[in-house]
Structure formats: structure tokens, C-alpha cells
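Below are structures written as C-alpha cells.
Each of the next two complexes has chain A plus one other chain: chain B in the first, chain C in the second.
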Partner chain A sequence: MSETDHLIIDDAIWEELIELTGGAATICYQCGSCTANCPWGLVSEETISVRSMIREAQLGLPLNTANLWLCTTCAYCEAYCPRGVTISDVILGLRQLAWHDRETPPGSPSLLWSVYWNNNPWSQPPSHRSIWAKDLELHYYDPAKHDVLLYIGCTSAYDRRAQMIAKAIVHLLRAAKVPFGVLKDDEPCCGEAVLSLGHRQYFQEVAEHAAHTLDEKGVHRMMVISPHCYDAFKNQNHFLDKRIEVTHYTTFIADLIDTEKLDLAKPIDGTVTYHDPCYLARRNQETQAARKILDAIPGLKLEEMERIGEDTLCCGAGGGRMWMETDPGMRFSDLRVHEAKATGANLLATACPFCLTCLEDSVKGDRTSGLIVKDVAEIAALSCVE
Partner chain B sequence: MVASLYSKESEKKDICIFLEHRGAGLAPVSLELLSKGRELASHAGWTLTGLLLGYQVAGAASEAFDYGADRVILIDNPKLELFTVDAYTHVAYQIIDVYRPGIFLLGATMDGRDLAGRLAVRLRTGLNADCTGLQLDVEEGRLVCEVSGFGGGILALIEMEKHRPQMATVRPGVFLPSKMSAVKSGQLIRPEIEIPDEIIRTRVVERVIGEGVDLTQAPVLVAGGRGVEGNFEMLNDLAQLLDGDYGATRPPVDDGFVERERQIGQTGVVCRPNLVIVCGISGAFHFVVGIQEAETIIAINSDRDAPIFEYADYCIVGDVHEIIPLLIKALREDRVAERPA
Partner chain C sequence: MPDIRIVVCMKVTPKPEEVGVDYSTNLLDRANARSEINPPDMNALELALSLKDIHGGRVDILSMGPPFFEPFLRVGLAMGAERIFLLSDPAFGGADTLATTYTLARGIDHIGGVDLVLCGEESSDGATGQVPPGLAEWLSWNQITLVDRIVLDKDKHLINGRREVPGGVEVLQTSLPAVVSVKTASNEPRFMNYRIKERVFSEDLVTIWGESDIEVEKTMIGLTGSPTMVSGLAQAPSRERRQEYLTGTVEQITQGLVALLNELV
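Up next is the complex of A and B:
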């Protein structure tokens, strides 16, 4: 006779999870929509059973970490959850437990240490944070002189490719004569990388420090480049003074076009398709601003992919996956490039440094695509005569 | 702060090196440390001691003399055949307590780091980890350790004022090994130290020697990207000639030209070699973080505007398939010329 394993229910885990996730898992009634909708099902025969992870969490069963780190926190499952469970919060809560047991992916402690020592998750020297702008003569933010703080973020500050986004935004702001400043080497990390790996406790410390710095500098309005930093400041950082208005740069630039402060006059001949970043479209329902900018460019035609707006498909880099390896054949960005190709576009636009990296990697891997990947800001800057 | 077990006043003017052995001979890092230790000791008028733990490793002692040791303390015991941190700490602690060296150095290897941390706590002394330079202040008898921090942005010089021994682990490949020109012999000391069974809490069940790919330890790296078009044999030839190893960016790994263990970058291995030759790699940021702390970066790329050139110390604009064979040929000819007739 075979014996079934006994279920061992751990009340301590249960209580801890409720505390960590604000009880998010308790309302799940196990319909399985999350499992069916998870984009991992698009790249593998076996989907991740998000439902069982939630069930195990509900029961307080010992942690099964196998699939825990695959989640990109793209929140596609949340959009389809009939009970409104904030599933990625549950997953991040489970990751927090994994930190207790030290069952985290290789390299993730180094990422946390890098934020601690270097104020960025990329192991880059803090003193190099503003080197990207050395020829731009940017002004240090002064609330008396500047309308808005341009928050660069770690990736756009250090990644040579992503630096081009920041440079394009500077070009646009100058063309529109917006008085803006930057915090140069004093710019604090938003901590989103830490949060995405589930270390909420340390995230709180980073968030508090960031909020304190922004407060000290007298910031009342900030424009953020990465949707990940944007979400961290707008929705996750509870220390931030509520009076500070946080805007994503696409919204800000679209407003400049609306109010006729920015004129995108130089025609760009071509067809563009736009990949919505999850952290902008799904987490913050911002889907129109980028399209408005692309639409304002003479000659440029927008062709939409199959999955757009709040239905967008993740590039694969959220939830800390930017710092983990994804096997070939399992990369969402490959699918996305395939979809982009099908629109007949020659330009693939996005508005997130992580999406840009992944999509560009996938385009390089697919020599037939003929696509050029650019950030919306870069395309707008090409069309903007200063 | 707790005082160390012995003080500066009771130290011996001696630099002691923890000797690691691999097969027949000493590990490269041990030879490097002996050579640097000899230089420091001679300059200050100190002695240089090697601490050799193992089983049937007496042969390695003579190699230590060749590289400048005045004496070697050898503990030859079957229980020390394979490294266990319990047994090694137990023995090293007792030796240090008796011989009281002013300085105790280890290689920043797997075993060296493991042993150093535990030993430092037991001796109540400090430990400078992963040093990239050593100086000895002769007057004060103080070891000045160079440690690079904050992603290489800051170089810290760290001294230990009162605590002894002054312990440090040193990054492999930092110092050059140099053999003594004259034949040198030294004193071999073989103290008796008992190793009770109960202190060893680990049991070696099986020892598996893998392919041995560990790019983090290679002093010279040749890295290839998409531009190499799968010709990693060529890169390996070059790496072998330079006593190094070869690695790759993600695309050649994805395409199956190279195994995943050789992937360099944010999601692969982060390396700090003395020299890296970057071939046919455009320089995406997530690759660059894996090599930017190398001492010297040479980049070869046919695209003059490739971002990799911004990080490189030497930039070669050209086709890797032309340049590397020429480099290999030149190195081979050089080797032949060097060989005594």
C-alpha cells in the first residue's frame, strides 16, 4: 500500500504571509484564471501553477520555491482575477519568506548589497552616476528655479544604451523650454529592484531614504524615466510626501504637445508599433501618452500589435528577472518581436529601459526582423527641431 | 573592541603564508604570495614562513623554499588530506598561537576565504578581505592592505593598529610569482598536533572534479561575442598561450557554441582578470558589468562606434578573424624565440 505524504500546515508561515501580503491570498477561491493567463504558458507546455502557489500560501504549506522566481510581476494574472487578489504581492511575500530561508537565486544578495553600497543595483560606482551628462551642462535641481525634477534612475544613469533615453528627454525638455533640474550624484535609488526580489523590509529602508532626500531637496514635482521607478515612487513608497507629484515622462511630454509647448515638426517616414511596458500600462493604466507622442510625429504611422494597452505582454524583465538568466526559447521578448514583425512596422517603440534591453536583444537574435528598437523619447527627439 | 589573543608587543617579526597545494605542487596564488612575502620580508628584515597542511605533501615544501620561504611548518596528517574548515582551523589556530607571526596571509580562494574568516574570529583579530595590494610599513611593522570597494570607484588602504596577526586574503593573480635565483634551502618544522575526530563536523562523501570552469579565477580572459561567429577554438588557442581562459557573451551561449558556465555578465559570471581581450562584442551594458573591473581591457571590433571602445584601455578596429590569428602567430613565434637552445 502506498502512503500519501501528510500535509503539514505551518501556522507560523500562514500568519507571516497574511502580515506580509496584507491578507491578499485569503480571498482567492481557486478558480485558476491566474494559471491559465500567466504568460509563461506561452513559452512552455507546463504553465506555472500560480493557483497552487496561492493555495499553498493559504494553507501555510512549506515553501515550494521552484517557480517562485520565474514571476515577472507583470500582473497579467491580476487583471483577470475575478476576486481582485493582488497576486504579485503574494508572490513577493513568498519571496520575502525565501529570503528568511536564504533560498534566493544566485546573485540576488549581491544586488541588495550593491544598492546598499553603491546606491544602484548595477554594481556601479556612485561617483559615476552623472558621468552620462558631463557634456550636457544640466542644472542641479533648485525648487525656486525649476518646474520639475528629472529623475534619471539607475539604469538610465549607467547603462550606455539607456543613457540615450535620458539624453533624448533632456533634448525635448530644452526644446520646450521647460525649466528642470537633476540631482546628479545625489539622486537616490528608488529601490524597485530590491522590492521586485521580495525584500520588502530592505525596500522600506531604501524608500525612506529616497523620500527623505527628495523632501530635503524641496521637490514638488518629478518626472521619472523608468516605469519601474515610477511605480515605486507613485504606488510603493509610503514615505514620500503626498504633495510630490510623480509623473512618467511620456505623460509629461504628451502634455507639452497638448499645450503646444513642444512641436514635433520633422517628419519621420515609417511605421512604428508600440510595446506597452507592464509597469506603465497594467500597473498604472497609462497607455495613451506614448501613443499621443508617436501620433504627433508627421509621417509616422502607428500599427498596433495584437496585445496592447492593459493587455500587453511582458518583455520578461520585471520582478527582478532583469538580473536573472532566462533560457533561449523562453523569452517573452522573442514573442513580442515576432508580433511586432507581423505588423509590418520598421520601428519598435517602448517607454522603459528594461523593455528596451530585452526587445533589442531579441531583435539582435532575429536577423530577419529588420526592426529598430527605440524608446518613445528617442523617436520624439528625432522629430524635434530645437 | 576585544583584544586579539596576542598583542603587537608579543608578535614575531614574521610573515606567514597559508600554502595551498593542488596535486603535486603549490597553487599559483601561494607562489604569488610567497614571492610578495619574500619581497616585503627582505625589505623589513623579517622572516618568511609557509604553513603547509595536508597529507603526503612534504614535496611541496621544497617548492616553497624555491619561492623564498625561510622555513616551512608542515603538518602531515591523513585528516588533512582534503580541506575541511574544522580541521584546518583547529591546526592553523594552534600553529599561529605558538609561532605568533606578525602577518598571516591567505589566497582569496574558496578554501582560503573559508579558513580566513573562521580563523580571524578565533584569533580575535581583523581580516582584510580580497586585497589587491600589500605594503609593509617597516618602522611600525604595520601591513597596509589595498582594498577596492564601491565597484572599484574607491581604493581603500586599511591598516590594523593593535590586533595581531594582521590577516589578509589576497586576490589571485595580483602579484607575480618569482622563483629565487639561487638555490635556497630552509628549515622544515614538523610540529605534532592532534586532531580529535569529534571536531571535524563534515565528512567528505565523494570528491568530484568538474570540468573546472571558473572564469573568476582566470588572470587572463579572452571573451567572444556574436562577432566571433562561433569560432571559440581560436579564442581558446589565444587564451592558452596567455595562460588564461575564454568566455562569451549571451548570444554564443544561446547558440550552443559555448557552455553556460562561460557566460560573462550580469546574469553570468562577474570577473576581475588582470587582462581581458574582448572580441567581436559590441558592449551591451549587461555584459560590460562582467568585465569592467579588469585591470586592462583590450577590445577588438570591426565597428568603430561600438560602445565597448568606451570602456577599453586599448581599442583595435578590425576583424577578429584576421587579428586574432596574427596575434596567435606572433605569440607562438615569441615563445619559440624565448626557448633556450
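Up next is the complex of A and C:
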């Protein structure tokens, strides 16, 4: 910056940010531990200065958007923040301002339009939402008949690879004789993709619609596949009836094993390592259920990576990065595959469709890894004799 | 030079994958199809709004259709358009592209003072691409079709429209007023502005004109004004795909695939 460049504090931006972030940035005392801990420092010599972004937010300085869209909202920085600043709320608040100024990455308006016209962020027809299950004869959810709603989510509904997770869960639920239903083409989008891109105002609309639909269908308990949908329903959707119990599928399946309703009897000979999804482990402190499922499989040995549980390393797909390109060499999932390889495992397990996609891509790029990436549900289904 | 006034023609179309065919009558069944703004019209609106971003002026939306179009078209207001003019009257119903363009042209006359009319290149349901040239004919204005970019010279009251042609691009210049059709997917439509959305979805920003509100000849509108006759419809047999699944080890599948490809070359 030259001597003549003065920073101008904009009261309007400041006030709007306070409102958008609930004042999240105000308690920061600029120690910089967020910058030091940000995983971008692992793949780049020059990490992004999270601290500077917070400072700009505190002062209401005009937006510097260069690094704003790199954040994966993994919340690693939040775990180390001595002041308890909800840093990703600040980032998302800054992104909301960027929406007002139309300084968003190419493709992001199209993603929001897709949710608006298609009820999913994948630009897929809403009437094709349940095609993945056309041969499964699933029942439409009926609160009088079913214990739980299986919420598929957009990614598992439309992405061919992620559909295999949904099919595996159906297999497990049927083996355990759980009465469950699905909402087929009526299933509402949770809106997490919208929120992750920072458009909290539109997210509120999507969330309200989702809550209204679930209420209308008489849902009292729902099991969710993606940790992103799980977090959206559990922590972000303030319209949802508090009486609706929201569970991630790993917790639900682990309970079935605990209560001996599900028997994983078929041995799997091998070693598995488990990648904790940020939105389960760090955002929701759910780290044990997936391990319990893997532990229950005869013959399967669990070897842990260096960063596990709430200390997990993000796969790189959160914060809307799932819909943005990350150059090879800059992908967190490459590091994760490297760590998984070091455990000697032949199976890399996770419990999130986004993590699955990123890790599988990184394995494809590293032909020496010898790893097979699978969702915990897929591994459990292999061990489950119906 | 006064501010430029742009009108964007938009329509509401059924989602293509939800339109069925009644094979007993060979007619389209739209009854259960959800609606959306015709996607190419979103590109036309985005181009209009980007011109307004640079040069100021005013962007309005013109449409012809039933009253249920209104909430869909209000999306355009939330993107930044000023007002909607909806030509809605049972007398306009059943129009082919001749009667449609005639009616729209009279709507543009009635709005008055329009410098530039932008349309999507075609609709996702009719897909004739005839509306932009038809409008230009009725209005006796110049036209440029299938542009992906417009440079406006406000002082000279002319535009340069760029379009792709095989092997390169053409830049065509015309004085205003003019009609321009916009290439599908040539830009990324901006999302709605939530600072104004609530207001523009509730405020009185929609003008509905019927047959008696605009100057039209009764014989030129609706079904009466539509000389198009559908003499017959038939199903085109879809081409059978040759499907063959290769099984075995990776090596066996690869060898089988190479053998099949060799048969083709």
C-alpha cells in the first residue's frame, strides 16, 4: 500500500456486518492463531490471513474478496481461537456482503438459481430426484407406519457415486427391519449449499420451506446422510420444529448395532482408516459412531491417521468449495490420502458424500496409494448378511 | 443523450422434462409440469441489466400469457428490472408466432419510447426462434440475432452486437431502435437482490393490459390471427442403441473393447 492509500471505514458496511454476523468478529483480539492454523497453510507457502479478514470485518473496511472464497468453513481455526470467535460466521457474513456487491465467483449465481428452480444445487430436474431408487420399492414416508424418515439429500439423490451410499443405508435398514420411509420427489433441499456460499438471506427461505414440508409430512425423527444436511437441519434451520429428532446415519446405524438389531457378521479382511468429516466431527462432536460401526465388522482392523476426531483435516469441499475448482497440489484431500497411505490401510472410509468425492479424486491422482475409498455405510453393507 | 430504455421479452415455460406426450392424441401434456422462466430469457435480461449497470437507463419486462405468469416474472424485478407489462387476455390465447409477435409489437408501441428490445434466442417449449425477427418486422426496426455481447454507443444511438459464426465472430452494427435476440447461456444471470426482493414481490409494479388496453386488430390476435395449421403429428421412431456389456477381468474387457473398436475403423 502506498502512503497515499488511506483505508476508509464504512459505517454502513460495519453496521451490516454486525447484523449479518451477530457481532461475531467484535471479540477477536487479533492474536492470529486462526491464520496460523488455517489448513491452506499446509498446501501453500503463503497462507490466507484469516486474521486480516476478521480485522476488516471489525472495522467495516471495504471488502477484500481475494481470499474470501477459499475458506472451506472447516472450523479448524475456531477450534484454536482463544476468544471463541465463530470465524466461519464472519466469513459467511462477508460473503453475504459480496453477494450484495455481486462480487461472487463464477458459477455461484447459477448454483442458487438451481436451488430456486430445481430444489437442488446440481442443476438436475426436480422430477428426477428419486430415480436412483426406482428398483428399490421404497415406501413414501408415513408417520403412522414408519419410525424414521430417511432424508437422502441432493448429492446422494443425484450423484451416481453418492447414490451408492443411499443404497447401502437402505440395505442396512432393511436388514435391521427398521420401518422407514422417504419423501421421494417431495424431499426438500436443506439449503446448505446456499448457506455455504454465504447467502444467508436466501438460505432462510429455503430452510423455512424445508421445515414447513417436514412438518406437513408429520416427520418426528429423521436420519440424514450428508453431514452438511445434518448440520443445516440440526444447527442452522431455526424454522424446524424442535421436536423433530435429527440424527446422522452413522449414529442411527451404530445404535442398531448396540441394540443388536443389526448384525455385521460377514468378515472383511483388511485394514481401514477413517477420515472424520468436519461437519460431523468438529461442528457436531460426532466422532465415535462411525468407528463403532467399523469396529463391529469382523476381520476389519482400524488404523488411525495422525489427525483424527475433532482435530480432523478438511477434505476441501466445505464452504461451497465443492462447486469450485481447486488446483492439483492445493487439495487438502491429497494430503489426507497421503496420511491414509502412511497408516498401511487398504480402505479409506468416510461418512460424507463430499469427502468421498474429494478423497476418491485424490486417490485417482495417486496411483501408488493402493487405497479404496468407501463410505462407512458401504463397508457395513458389505459385512451385512440380510 | 437521454437514458436508454430497454424492454426484455420474457415468457414462462413448463420444465421440459416434465412435459409428457399423450400418445393417443399426439398432444403435449403440460398439466402436471412445473413452470420456470424460459431459461434463454434470463440471459436476455442479464444482458439488459449489464447494459443498465454501465449506462444507466431503464429495463422493463414484457410478456404475453395468463395471470399465473406474474409471480414468475417478478423474479426479474428482483434481479433489477423496473416494471412488468403483462399482456393477458383470453382473446390473446392460442396465438402462433405471427399473432404473438403482432401482439407483443403493439405492447411495445403502447409502452412507448423503447430503444432496444431484447429476447432470448428461442423458447424451451415452442423453440421456433421466430419471435425476435417477427417483432422486428412488425415494428419495422433493425434486428441482430443470436448475440452474446452488446456494446452500446449512447451518443450515437447505436449498438454493436457480437455473435459467433463458424470460424470466428461477427460484429454487427445497427442504429436504435432495434430488436436483438440473445444467445442461450452467453452469460450467467445474476441472482435476485435480497435488498429489494421483498419490496418488488409485493409492490404494485405489474401492469396488465388486455385487448381493449392496447391498439390491436381483433382479426390479428389469438387463434383468429394465427394462420398456422397443424395438419398432422407423428412419432419419430427413436434410434435403437446397440448395447453390449463387456464382462470379465480388466484385461478381458480391454481386449473386447479394442476388438469392437477395430470392427468400426
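Methods note: the second predicted complex is superposed on the first by the 383 of 386 C-alpha atoms of A that agree within 3 Å, B and C clash if a C-alpha of one lies under 4 Å from a C-alpha of the other, contacts with A are read in each partner's own complex, and residues count from 1 in each chain.
We adopt the following convention: a residue touches a chain if its C-beta (ideal position, glycine included) is under 8 Å from a C-beta of that chain, and two chains touch if they have at least 3 such contacts.
As the structure is a prediction and not an experimental result, all values here were calculated from the model.
Asker: After the overlay on chain A, what do you see for chain B versus chain C, clash or fit?
Answerer: On the superposed model, which is not a single observed complex, chain B and chain C clash.
Asker: Using the touch definition from the top, say if A:199 reaches chain B (first), chain C (second), both or neither.
Answerer: second
Asker: Touch test for A:100: chain B only (first), chain C only (second), both, or neither?
Answerer: A:100 sits against chain C, while chain B stays out of touch.
Asker: With both structures fitted on chain A, tell me whether chain B or chain C touches more of chain A's residues.
Answerer: Answer, by number of touched residues of chain A: B.
Asker: One more residue to check, A:128. First (chain B), second (chain C), both or neither?
Answerer: The answer is both, since A:128 touches chain B and chain C.
Asker: For A:368, is the partner it touches chain B (first), chain C (second), both, or none of the two (neither)?
Answerer: Touch status of A:368: no partner.
Asker: Looking at A:114 after the superposition, I want to know if it touches chain B, chain C, both of them or none. Which is it: first, second, both, neither?
Answerer: A:114 sits against chain B, while chain C stays out of touch.
Asker: Which holds for A:259: it touches chain B only (first), chain C only (second), both, or neither?
Answerer: A:259 contacts neither chain B nor chain C.
Asker: Applying the touch criterion given at the start, work out whether A:323 contacts chain B, chain C, both or neither, answering first, second, both or neither.
Answerer: first
Asker: With both structures aligned on chain A, tell me which stretch of chain B collides with chain C: 149-157, 185-193, 221-229 or 275-283.
Answerer: Among 149-157, 185-193, 221-229 or 275-283, the clash with chain C belongs to 149-157.
Asker: If you lay the two complexes on top of each other, which residues of chain A touch chain B in one and chain C in the other?
Answerer: The answer is residues 107, 117, 125-128 of chain A.
Asker: Along chain C, where are the residues that touch chain A in the complex?
Answerer: 15, 17-18, 34, 36, 42, 188-195
Asker: For the complex, which residues does chain B have touching chain A?
Answerer: Residues of chain B touching chain A: 149-154, 226, 250-251, 254, 260, 263, 266-268, 270, 283-286, 288-289, 307, 310.
Asker: In their shared complex, at which residues does chain A touch chain B?
Answerer: Residues in contact with chain B: 107, 114, 117-118, 122-128, 158-162, 323-325, 328, 357, 361, 364-365.
Asker: Considering only the defined contacts, which chain A positions touch chain C in the complex?
Answerer: My answer: residues 99-100, 102, 106-107, 109-110, 112-113, 117, 125-128, 199, 201-202.
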